[in-house]
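Note that chain A is present in both complexes that follow, paired respectively with chain B and with chain C.
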Partner chain A sequence: METMAILFLGVLAIATAFLVIFSKNTVHSALWMVGNCFVLAVLFLMLNSQFIAILQVIVYAGAIMMFILYAIMMLNLRREQDEGDPRKNLVTGRILLVLLFFTGLVIMGVGFSPIALKGRMASQAVAQFGEVNLIADYIFSEGLIPFELVSVLLTAAVVGAVYIAKKN
Partner chain B sequence: MIDFFIIPVVKLTIIFSICLFLIAYATWLERKVLGHIQLRYGPMRVGWHGLLQPIADGVKNFFKEDVVPDNADKAVFVIAPVISISAAIILLAVIPFGEPIHMFGKEITLYIANPSIGILFILGFATLGSYGTILGGWSSGNKYGYMGGLRASAMIISYELSMAFAVISVVMMSGSFSLVDIVTDQETIWNCLRQPVAFLVFLISGTAELNRTPFDMPEAESELCCGYNVEYSSMKFALFFLAEYTHMFVFGALVTTLFLGGWHGPWLPGVVWFFIKTFLIVFACIWVRATFPRLRYDKVMKLEWKFLLPVAVLNLVATGGVMLFFI
Partner chain C sequence: MTEHQSIYLALAAVLFAVGAFGALTRKNAIVVFLCVEIMLGAVNLVFIVFASANQSAEGLFMVMCVMAVAGAEAAVGLAIFVHLYRKTGTINIDKYNLLKW
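Moving on to the complex of A and B:
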């Protein structure tokens, strides 16, 4: 039952990912991307990680895709532009398709492997401590230095982005 | 079988039908209260003091012609109101309406689900609901709708921040994301007394997230002739409308849960207290609409980025400091 559900979700995830690339309308692509984020969130739920699932929804489907959509709508890319030789696009598309298919297979393989279900986030541990506490505990004790480094990096990126935007 | 299927289904049916009934009557309440504040009667014709007006409106919307503009992106145009309403209604699932009751020898909880990430669930899906607004505006192929959609996304991106910061200070006090835990934590003292700044910030940014006056930028009638839903008619328009009032109801319920002690209160049963508090918040929303004029767009943005957000962050730091040194 669970295997079937995960398989179905995997197929859905790959299908929505394909649609992101093959939609001719930019806004439709962005919408399929939102759908893809959603399917991934459900996959996280199946793996017993409510917190990661809702973060996937809030951060990716909510915030980031909202920004992307906002940018697309601001630039008003309503009609798709004709770019280059369609045959060339088709070949690139097919190569991408095959690549993506194998990436999906690898991801699903890792997901199914018993290794993935034995780490800190194994369902028994989650049931005992509650997931948010477990993640917070890890981030603010063992993972403190990488966590702080990442936040410094992100702040630097934001400042850099503001600087570049100001110059124009 | 009974625990996993029948009780949840019965609960779903009861909670959703009561809530949707109340939401339909929120439209009546709004028109009536606005009317009386402006020295008019409001709806009077259908039923006693217009009490059947929501039903008449529903029937009317159902039988109106459903127009899809030639210029529209058809698929997105159809799906936008659906996104709006489903993201709004799903929020009702995690709201705790009252303390558990005992019936037929079983303990029945008065919420549909109590995930450990309850409040994050609400924040996440409230944002997703705004996709409906934005896509509805964009897909109609109308410049007013388009402007309304853009304004909606800008508003939601900005006001979400201060709202989330206000919520985080409450979560710090109760030490849990679960709404039920947050309510049980307020048994002795309500969060609006422990966190007055967060309470005010949440009220203001919540009103802004609801797109209601004085923050109704996406649908400013005098500037955008109704904004994002200008091309919508019939049931599609009704769905947008219903989503808006569902959000208002959920906002009332959320303020009650986070700051006004949820179902706690003397003498009356918990559920009654919950609905009284929610009603008061919804009434306050309508009152604000009748009292304040619409803000100018740049002032709305200034209020968020130069006032609410710094205040919310400072409040968060202060909460952390107090908890570190005194508790």
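Moving on to the complex of A and C:
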């Protein structure tokens, strides 16, 4: 059962990765990448990493991919490629929407199902709420310096991005 | 978990290979960028598989670091693309030969 689920999700992940590469439209590529992020989140849930799965959905699919979509739409790449039949685009859009919807359902199903909380990591620490306690203990004891360095990196990246993108 | 570990690792390897293939073959800079994100996702999967197998928080912490680095990379990379698009009017990476000797 679990093997079948992993194989199904694996095929889904590889298929979405190929669709990212072979989509003609850049916006479609970005949307398939969102689907790939969701599939990876389901795989993380099946490995008993609830917190990382939530982060994957919020940070990757929610923040980074929306950022990339904004950048794509700012760059106005539409004139470089032919429009094609709008009715065909509508059909592909519907298929994409339905696929994303079902991926979301799979995420919720795996998150609520018993297999999400079973496995070798389901010790007392995990049973309280995911593995957030483990990560927090690690971050604020051994991983404190890397954690602070990551915050410095993010600040530097944001300042650098604003400076580069500034009109001069 | 151990009998599924090989499946997860094989899947991560295939995802990484697909991402590398896309990053090397596509000409659109943003799609190359997305392929790099696919590769980062595959690496995250490997980290979580081994964190889950060893029951340690280090792999999970590394995944959070990778996500932060991906965010920083997205910010700086897209700023560079917007700047280059203003300068050259394209995001085809074959047209970016400014640093070519």
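Note that in this section the second predicted complex is superposed on the first by the 117 of 168 C-alpha atoms of A that agree within 3 Å, B and C clash if a C-alpha of one lies under 4 Å from a C-alpha of the other, contacts with A are read in each partner's own complex, and residues count from 1 in each chain.
In this section, a contact is a pair of C-beta atoms (placed from the backbone, for glycine too) under 8 Å apart; a residue touches a chain by one contact, two chains touch by 3 or more.
This is a predicted model, so every value here is computed, not measured.
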item: Fit-or-clash call for chain B and chain C when the two complexes are aligned on chain A; value: fit
item: Touched partner set for A:Leu31, first chain B, second chain C, both or neither; value: first
item: Which superposed partner A:Ile54 touches (first chain B, second chain C, both, neither); value: first
item: Partner chain in contact with A:Phe67 - chain B first, chain C second, else both or neither; value: both
item: Chain touching more of chain A, residue-wise (chain B, chain C); value: C
item: CA minimum distance (chain B, chain C), superposed complexes, angstrom; value: 14
item: Shared chain A surface residues [contacts with chain B and with chain C]; value: 51, 55, 63, 67, 74, 131
item: Chain C-touching residues of chain A, taken from the complex the two chains share; value: 2-3, 6-7, 10, 13-14, 17-18, 20-21, 23, 26, 29-30, 33, 36-37, 40, 43-44, 47-49, 51-52, 55-56, 59-60, 63-64, 67-68, 71-72, 74-75, 77, 80, 119-121, 123, 131, 134-135, 137-139, 143, 146-147, 150, 153-154, 156-158, 160-162, 164-165, 167
item: Complex contacts: residues of chain A adjacent to chain B; value: 25, 27-28, 31, 34, 50-51, 54-55, 57-58, 61-63, 66-67, 69-70, 73-74, 130-132
item: Interfacial residue positions of chain C with respect to chain A in the complex; value: 1, 3-4, 7-8, 11, 14-15, 18-19, 21-22, 25-26, 28, 30-31, 33-35, 37-38, 41, 44-45, 48-49, 51-53, 55, 57-58, 60-61, 63-65, 67-76, 78-83, 85-86, 90-91
item: Residue numbers on chain B that touch chain A, as the complex places them; value: 73, 75-76, 115-117, 120-121, 123-125, 127-128, 130-131, 134-135, 138, 146, 149-150, 153-154, 156-157, 160, 177
